[in-house]
Structure formats: structure tokens, C-alpha cells
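For reference, the structures are reproduced in the following blocks.
Presented sequentially are two complexes of chain A, the first with chain B as partner and the second with chain C.
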Partner chain A sequence: MKLEIGRIFIKDIQLGSETSVKSGVLTVDESGLIAKLKEDERIKDVKIDVARPGEKVRIIPVKDVIEPRVKIEGGLNGFPGVTAKPAQCGEGRTQVLYGAAVVTVGDIVGFQEGVIDMWGEGAKWTPFSQTYNLTVDINVIDGIDPHTHEEIVRIAGLRAAEFIGQAGKDVTPDEVLTFEIGSVFEETAKYPNLPKVLYAEMMITQGLLHDTYIYGVNAQTILPAVLHPNEELDSAVISGNCVAACDKITTYQHQNNSVILDLYAEHGKEINFMGCIMAPEHTTLAGKFRVSDYTVKLAKLLGADAVVVSEEGYGNPDSDLLMICKKCEKAGIKTVLITDECAGRDGMSQPLADTAVEAVAVVSTGNVSHVITVEPAEKVIGKAESIAVLAGGWDGALAEDGTFQCELNAVIGSTSEIGFHNVTCRLY
Partner chain B sequence: MSDKFKVLYYVNQFFGQIGGEDKAGIEPEFRKEKVGPAIGFESKLKSEGEVIGTLICGDNYFNEHKEESLSFVMDVIKKEAPDIFVAGPAFNAGRYGVACAEICKAVADEMGIPVVTGMYIENPGLDTCRKEAYVIETSDSAGGMRKALPSMAKITCKLAKGLEIGSPEEEGFIARGMRKSLIVEKRGSLRAVEMLLKRLKGEEFETEMPMPVFNIVEPAAAIKDLSKATIALCTSGGIVPAGNPDHIQSASAQKWGKYDVSGRDALNAPDFYTTHGGYDPVYANEIPDRVAPLDILKEFEKEGYIGKVNNYFYTTTGTGTSVANAVKFGTEIGKELKEAGVDGVILTST
Partner chain C sequence: MRNIIISNNPLVAEKYENVFFVDGSVEETLVKVRDLVYEGHELVSHPLAASLRVLFSPYRSVIVANQCEQLNFDHAEIIEGSICKYKKHMDVRKADEANSDDYKTVDLLLLQSALNDEKGKW
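Entry: the complex of A and B
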């Protein structure tokens, strides 16, 4: 499977009357985009805005972040199985408006949302302070139940990214990345002496605002599935979850999954990267047993020497993570785990909800309860008061002068367990 | 008034220059002057701070009369109101180390001021105060004084001025067990791949998270006669009265709540809902009893299957709540339940 990602570097976003990229400036046809999104009659109104790196702008509450793209060769444009007909992802040429992001904003059921600060202390803790963000604030008509509401917002974000992505259709990219890995037999014949490595990506699949979709299929309903790494890099996986903001894998992070990218960089050099196992996180013990058994079974079937396992969320999924670890290590498959920590606001608590002596190689992506204090914003996109109820905030977190405090819990992508950001914990 | 920060110092009879083992039984005393290591210590504060007095106590006396000694020491500290408290260094002296540790812990807990001491890594006092104090790592004998005092003074200055404390390696203290979040150069996925390559090549690698060790709690004995038992309801599923009157957090709970349910047959909507941010709340908000089944417990009570449902139900949010907070909540709630004569608890999670 061969995928070319053509990156068009975006250096600014402007709102205007056409959608285009000229000299790195992305112009978005505001009324055209609103009209497009309002084709869904359940959407009452849409507010579009722009937040640029360095501006004293706060976006809250954030639902999802999506990278705008367009497919120009091979496969179908959009998100197959969701906004487009089912089609194979991971082949051909995809053009990416690199440096731009669609950020969906708006209340759904109250608690599960995040914050992005584009400047100062807050910006350090989120990777999405570095992207030019087009915010899409969606209000739905009355009488919509929460599950439908979530779906409307999720799909609207994807449609917005698709609409804007069209601007890259005829633009010559600044950089073209090629991702090519053949069948496991071909690659093993090419690199007979390299260790065979798999990536097991755990996904939250636990209900409203806690779901993940692969080709539009709710991953709650699947057994662990093997994906070619290119499929995820080419928009086959989307986020339907918002909790907690710090370690949810946004759609943008699936499209640019950093574990996949960093393993790819070593493919054919130090390792034989054979693919991804998508592992759902269930709430039931039976589900956890089934998924961990099945994940390890797939790794054994493919003859893996090692597996990198990334978690999504914390608490009960800590058990899934360690079950996969234990069973892999017992089968002679070496593991490296990536997780964040719930060490309490003072950092003095033990960090996981479960433990396993087999987990000897663990990357920590930070303490979700680490408290940050950020200065008042000059402009708030969304609703500043949301901090009182979102995960990682509290009543009183927003001071009268606009200063606010929150745990990293509330900051989108801060403790990303696919290691998308640069936070860690050290023993002090 | 001096604008220097004020340090109160503690030493034993030996470093207090009263005498050796033969004087280890002396009672605590306070002198408004610098004694023994306090002199060298103050000279390292670069005139930013001053030692306002020295507490001295015999090692044997302290260990044999802990309460009296602590009470004397605490009275002096409260009266003198220092900005920071320093003890030792105790090197590998066991009784001296225990005295330094007990006092440091008491000062930190009761006064909330920073405390600094110095010890050898195997000093038996270390575990008592390593979380509360900054314990500078020293050699095992007093020969290490010259090396210990500058580190103790340096960290004291930083603490007194509220400056950021560096890593244990940079500052020379024994890690307190705190998980500190930091921004580093390499992203997590790259660190994971590098760790993987080292592991595959059989090279040395260091985990970023040593696995926690869990306490195992013995289950209580079985209830012999349920029909006479009082059963309490307790949940980490975030069910609270509408409006969440105690502002229990939606994640990473800092508190728990208790609510009188003696006059209710169920936790009906809309009087109750969930404040928990970690699961799909739609079904819990429809019927809160799905998470905390007061309705069934009350039916059991009416049928006589159980004796009584406890008047209060207890609740908090489990998601992202640290184990340390959970242990604290559990201890506090458990104490109340025990005092209320509760025999058993239905504890629901989500």
C-alpha cells in the first residue's frame, strides 16, 4: 500500500468570499461554509471564527480538531463510511492543508470538553496552539436528544474540514511524504533480520462522547482489527469522544498519529513495522478479557517481536493496557506502553488505577491533574464559563479578572497518550 | 525589621555542642542564637536569610519522650514564627534522624511552612518525612557536613523565595515521590520508539513510570443476618442532588458529598443527576438509580430482606480521581459509616 501526503504549508487563515490557498494563506468562504453545514436541517446556526498562534484567544469548550484535506488520486474524498461512500483509505495522493485545523466548539451535555489557549502559558500545554484554527461553533434546533446532538456536531466538523480541504485540490504542495509498506510477507522477505513490530492503539469505546469510528463503524462493536498504518494516516479513523480533553485522540491526531509516524521512520532501518491493531476499550470485564486476548492473538499470529501499546483515557482502561502488556510479555512479545498519570493535583499519588510487574517500559505523557494558571484572554471563542463544569475545571476556576486555573485534564491534547505532545512526568 | 527570611534550626545534643552519648538524655531547649551547624548554614544563605534561633534536644530524650519533646518544639516554632524550618543534617545517625524527621513532619503538617533536612539514604528517619521535607542526601557520617550545608542552604533560599525547585539530581535532595509534569524536547511517541529500539537491542533503558505498589485490603467478615443489618449506599458514579450543591468536580474529584435519603424511595430524576464526566450520562440522568440503586435497597428494606438503609448516601466522582484522594475519601467515609453503625455497604462504580 502506497500513500502520498502532499503538504501545503498554511501560514494564515482569512475569512472571505471564496475558498482558496494563495501563497500559504488559506481563505475560507464563510457564508458558503455556513450554507454547506446548514444543509443538515438540524443545525440552527453556525458561527465561524479564526484563532492564530500567538493571539490572546481562548477556545472553549472544544469538541474535536480535524485536519482539512482533499483526496486527489486513488480512493474517495472525505471520510469514507462517514461523509463519503465506503472506500479504501491509505492509497493514492492526499493533499493536506498543513498547519490548519478545524476546531468544533459548542455545548452538548455539559462536562466533556476542552480548552485551547493560543498564547502564553496555556499554549505550551496544547499542540493545537501551533495550528491556525478555524473554529466552527454549532447550535442545533430544539428537541434534539444528546446522542443525535453529538452526531450532528461530529459530522459537521468533518464536513467543514472536507469543504475547506477543497482549497488544496490544485495547489502544488510544499512537501510530499511517501508512506509505503507492502504485505507482511514482502516486508519480511525484504528485512528478514529486522524485529517485527506492531502498534496496538487502544480506543475509547464507551458511549456518548466516548466513541471512536473506523470507516464509520462504531468501534464498540468490533473485535480488535488490523489496519495498515496508511489507513489511519488517510482519515479512516475518526474521534467521537471528548473525554478527557487531555488524552482523547482527536480526529487530527488519528490523521497524524505520531506513533505511526515515528514507527514508520524506523521501518526498514531498525524495525519491520507490520501494522496497527485497533483495540476497543470496553467497560465490562468480559470485554477487557476478550480484547486483550484477541489483541495478543493477532500479535502472535503475525509473529510480532514487539508491540507499542497506547492507551486512550484513564481509570478503567489502565486495566486493559496492563492486560495487553502482561499477556504479550508472557507470550515473549516485548512491549512499550504509553500512558498518562492520575497522580493528583500535588503529584503525590500513585499514578495508575492498576499495576503489573511486566510493565517495565512505560512512557509517561504527564499528570492529568497538574494545575496550570493562565492569564485572561483578550477574546474568547465559545463560552469562558464552561470551565466550571468541564473535566479538569471546577466551580470558581475562572476568576473575575478572567484569569483561570485548570488541570491539564481540560487542555486538549496536553497529555496525549499517543505521545503527540512533549509532556512527561519525572520523579521529584 | 529585617527583610531577611527567618530560619529556625534544630540539632541534637552532639551538634548542639552540649556533649556526646552521655548527654543524649537532655530535655529540649531553645536558644536565640546560632549553634553548631546553624552557624555554617547561615553563612551560606548569602545574607538573604538568617537563623533566628536553635532548638536542641538529646536524641534519647526525644525518642523516649516524643510527645513532650514535640510539644515543646512546636510551641517554640509557633511563637518564633519562622519562614522556614531546618533540621540536621543527621547523616546516618538513627535516633537523630528520627527526631529530625518527626519534627519536620509535624512542622510541615501543622505550620504549612517549608522544611529542609539532610540524611543518608539509609537513615531510618527518612520514610517518615521524605514526602513533607526536602531531604538533602548526605554521606553516612559527619564528614559530609561541608558538602551538605551548601545544598541545604541553596534549597532553603529557593523555598523561602518561592522559586521553582529543580530536579532531585540538580538540587541534591532525595526524591519525595512527587510526579512532576514537565515539557521536554522529544514528543512521547518518539521517546516510546527510542525505548523500544533499546529494548529490542538489549540495551539499557529507563522506564518513565515505575509501576505503583498497591495496598491489599482484607475484606470484612460476612454479614450473618442481613435482616438485621444496616446497609449504606455509596457510589463513585457522581450521582448528586440537582444543582450539585457541593460542587463535586466532574473529574479528578477533590471532595465527596453525603445526602439524606431517609425520606426517599428512590434517587429520581430530576431531583438527582450525575456530575461524572467519564461516561455517557444520558441513561444515568434518566434514572439515577441505575448508578446508585436506592430504589432496590428501599424495597429490600420494606420486604425485611435487609434491616435498614442508612439515612445518608455517599457520593463522589471516580474518573481521574487520584488514588491518594480515593484513599482519603474512603477513610473519611468509612469512619462515618462505622460511627453510624452501618454493617455493610453497596459500593457502585461506573
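Entry: the complex of A and C
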């Protein structure tokens, strides 16, 4: 499978009367986009805005972040199985408006957090303070139940990204990346001496506000599935999760999954990267046993020497992570785990809700309990009342001048468990 | 009845018959689950949520097996670890009471999702 990603570097977004890219400036036809989204009769009102790096703007509550793209060769444009008919992702040429992002805003329930600050201390902690963000704030008609509300906002974001992505259709990209990996047999014949490595990507799949979709299928209903890495890089995986702000994998992060990109970079050099196992995270213990058994079985069936496992969320998914680890190691398959830590404000507590002696290679992506202090914004996109959710965690969290403290937990992508974030470690 | 739901969520108590209602906090609900696990009831759903924000919820529902067997040590470890983790977080936080109704709804919907997973089993 061969995929070319043509990156068109975006240096600004303007609202206007046509959708185009000229000299790196993305212009979005505001009324055209609103009309397109309001084709869904369940949407009452759409507000479009732009947030640029460095502006004193706060976006809250963020539901999802999506990279605008257009398919110009092979497959179908859009998100197959959701905004387009079913089609194979991962082949041909996709053009990306690189540096731009669609950010959906909308409170489905009152306790949603998920903040992006475009400036100052808050901006340091989220990767989406560095993108030019087109915000899409969706209000739905009365009488909509929470499940339908979530679906409306999720799909509106995808449709907005598809609409804007069209601007890149006839533009010559600034950079073209090629991703190509053949069948397991071909790659093993090419690299017989390299360790065969799989990537097991865990996904929150537990119901309202806690879901992930693959080709439009709710992953709660699947057994672990093998994906070619190109499929995820080409928009096959979509986030329906909007509560675990710091470590949820947004659709943008699926489209640019850092673990996949890093494993690709080592393919044919240090490792033979064989593909991804998409592993759902269930709430039931039976579901956790089933998924961990099945993941290990797929790894054995494919003859993997090692599996890199990334988690999504915190709490009950810690059990899945360690079950996969224990069972793989017992089967002679080495594991590397990627997870964030919930280690208390001083970082000294036991970081996960579960432990295992087999978990000896663990990459931490940061402490979600770390407290940061942020200044008041000059402009709030979304729902200013949601700031009370962030600032109301404990006595003294909110100062009189509007400065407040919150945990990294509330910041979008701050401790991304697939490594798409700003936190890092340095050796001294 | 194959399962019992241990819950402090009034919406859950209204909707289902097989509920042991805890008129108290999430911590008291988890302690009741722990007592049942030590009596030999297995955990059906995990006691913790999948995200911190839902961990701050004032309502929690956990499913355990109705049948009483021998103590399952793995399950005892899971519920003890869950209580420790829960207390660790809530010691430094206030429960988010302002959004109680939404938390009730989400707890109910996540419970329904877990029960769907259990359908068609004996």
C-alpha cells in the first residue's frame, strides 16, 4: 500500500467569500461553510471564527480537532464510511492544509472541559496552540438527546474539514511525504533480520462521549482489527471522545499519529513495522479479557517479536494496557507501553490504576495532575461558562483578576498517549 | 437475575430493578462493591471510569455478578486499587455538584453501554 501526503504549508486563515489557498493563506467562504453545515436540519446555529498562534484567545469546550484535507488520487474524498461512501483509505495522493486545523466547539454536557489557549502559559501545553484554527461552534435544535447531539457535532466537524480541504485540490504542495509498506511476507523477505514490530493502538470505546470510529463503525462493536498504518494516516479513524481532554486522541492526532510516523521512520532500518492492531477499551472485565487475548493472538499469528502499545484515557483502560502487556510478555513478545501518569500534584504517587511486573519498558507522556496557572483571555471562543468547570476544581483555584489554576487534565492534547504533544524529557 | 448494579445514581435506581442503591457518595458505593467482592461476587464492570473528568462525577454505577463464588483475588485487587486511586484524586478536589444532572445522565448511559456488552450471555 502506497500513500502520498502532499503538504501545503498554511501561514494564515482569513474568512471571506471563497475557499482557496493563495501564497499559504487559507481563505474560507464563511457563509458557504455555514450553509453546507446547516444542510443538517438538526443544526440551529453555526458560528465560525479564527484563532491564530499568539492571539490572547481561549477556545472552550473543544470537542474535536480535525486536519483539513482533500483526496486527489485513489480512494474517495472525505471520511469514507462517514461523510463519503465506503472506500479504501491509505492509497493514492492526499493533499493536506498543513498548519491549519478545524476545531469543533460545543457543550454536549455541562462538565465538559477541553481548553486550547493560543498564547502564554496555556499555549505551552497544547500542540493546537501552534496551528491556525478555524473554530466551528455548533448549536443544535431543542429536544435532541445527548447521543444525537454528539453525533451532529462530530459529523459537522468532519464535513467542515472536508469543505475547507477542497481549497488544496489544485495547489502544488510544498512537501510530499511517501508512506509505503507491502505485505507482511514481502517486508519480511526484504528485512529478514529485523525484529517484526506491531503497534497496538488502544481506543476509548465505552459509550456516550467515550467512542472511536473506524470507517464509520463504532469500535465498541469490533474485535481488535488489523489496519495498514496508511489507513489511519489517511483518515480512517475518527474520534467521538470528548471528555479525556489531555489524553484523548483527536481525529487530527489519528491522522498524524506520532507512533505510526516514528515506527515508519525506523522501518527497514531498525525494525520491520508490520501494521496496527486497533484495540477497543471496554468497561466490562469480560471485554478487557477478550480484547487482550485477541490482540496477543493477532500478534502471534503475524509472528511479531515486539508490540508497542499506546493507551487512550486513564482509569479502567490501565487494566487493558497491562493485560495486553502481561499476555504478550508471557507469549515471548516484548512490549513497550506508552501512557500518561496520574501521579498526584507532586508527581510522586503510583501513576496507573494497575501495575504488572512485566511492564518494564514504559514511556511516560506526562503527569495529568500537574497544575498550571493561566491568565484571563481577551476573547473566548465557545462557552465562557465552561471556564468555571476548569477553575472550580478546588478552593482558591480562581483569583480575583480572573487568573486561575487547572490541571493538565483539562488541556487538549497536553499528555497525548500517542506522543503528539509538547511535553518531553531531557537528560542532564 | 445474573447481575446486580451497585449505584448511588437515582436515575439508575428508577430504571432498573436489580439495583442495590447506595444512599451516599461514590466512595461509599465503591466500598459496597468491595464488600461484595470479598463475599465472592465477581466484578462484571470495572469500578473506575475511562477519563479523569468522569472520575470527578458524584455518581457511579458498577455491575457485579449476582452469583456468590470463591473470592477472586484479581478482582479484590482491582477494587482495592480503584478505591485508592479514587481517594487520591478526590482528596484534593471538590466533587463537581454543579453539573450533577449531566453526570447522572452520563453515568446511566455508560452503564447501559456496559450492559449491552453483557447481553446474550449466561
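What we mean here is this: the second predicted complex is superposed on the first by the 407 of 428 C-alpha atoms of A that agree within 3 Å, B and C clash if a C-alpha of one lies under 4 Å from a C-alpha of the other, contacts with A are read in each partner's own complex, and residues count from 1 in each chain.
Rule of thumb we're sticking to: contacts are C-beta pairs under 8 Å (C-beta built on N, C-alpha and C of every residue); 3 or more make two chains touch, one makes a residue touch a chain.
Since this is a predicted model, take the numbers as computed values, not measurements.
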{"item": "Superposition on chain A - do chain B and chain C clash or fit", "value": "clash"}
{"item": "First (chain B), second (chain C), both or neither touched by A:Ser319", "value": "second"}
{"item": "Which of chain B and chain C A:Gln220 touches, first, second, both or neither", "value": "second"}
{"item": "First (chain B), second (chain C), both or neither touched by A:Pro146", "value": "both"}
{"item": "Chain B versus chain C as contact partner of A:Lys124, first or second or both or neither", "value": "first"}
{"item": "Contacts of A:Thr284 with chain B and chain C, given as first, second, both or neither", "value": "second"}
{"item": "Chain B versus chain C as contact partner of A:His210, first or second or both or neither", "value": "both"}
{"item": "Superposed model, chain A: greater residue contact from chain B or chain C", "value": "B"}
{"item": "Partner chain in contact with A:Ala359 - chain B first, chain C second, else both or neither", "value": "first"}
{"item": "Which superposed partner A:Gly344 touches (first chain B, second chain C, both, neither)", "value": "both"}
{"item": "Partner chain(s) touched by A:Leu15 [first = chain B, second = chain C, both, neither]", "value": "neither"}
{"item": "Intersection of the chain A residues that touch chain B with those that touch chain C", "value": "109-112, 146-147, 206-210, 243-244, 283, 313-315, 342, 344-345, 349-350, 353, 368-369, 389, 392-395, 407, 409"}
{"item": "Complex contact set, residues of chain A against chain B", "value": "109-112, 124-125, 145-147, 195, 197, 206-210, 243-244, 258-259, 261-263, 265-266, 270-271, 283, 305-306, 308, 310, 313-315, 334, 336, 338-339, 341-353, 355-357, 359-370, 389-396, 407-409, 416-428"}
{"item": "Complex interface listing, chain C residues touching chain A", "value": "42-57, 63, 75, 78, 81-82, 84-85, 88-89, 92-94, 96, 98-99, 101-103, 105-106, 109-110, 112-114, 117-118, 121"}
{"item": "Residues on chain A engaged by chain C in the complex (per definition of touch)", "value": "109-113, 146-147, 204, 206-210, 220, 243-246, 248, 281-288, 313-317, 319, 342, 344-345, 349-350, 353-354, 368-369, 388-389, 392-395, 407, 409"}
{"item": "Chain B - residues contacting chain A, complex", "value": "131, 165, 167-168, 175-193, 195-197, 199-200, 205, 207-214, 247, 249-252, 254, 275-282, 318-325"}
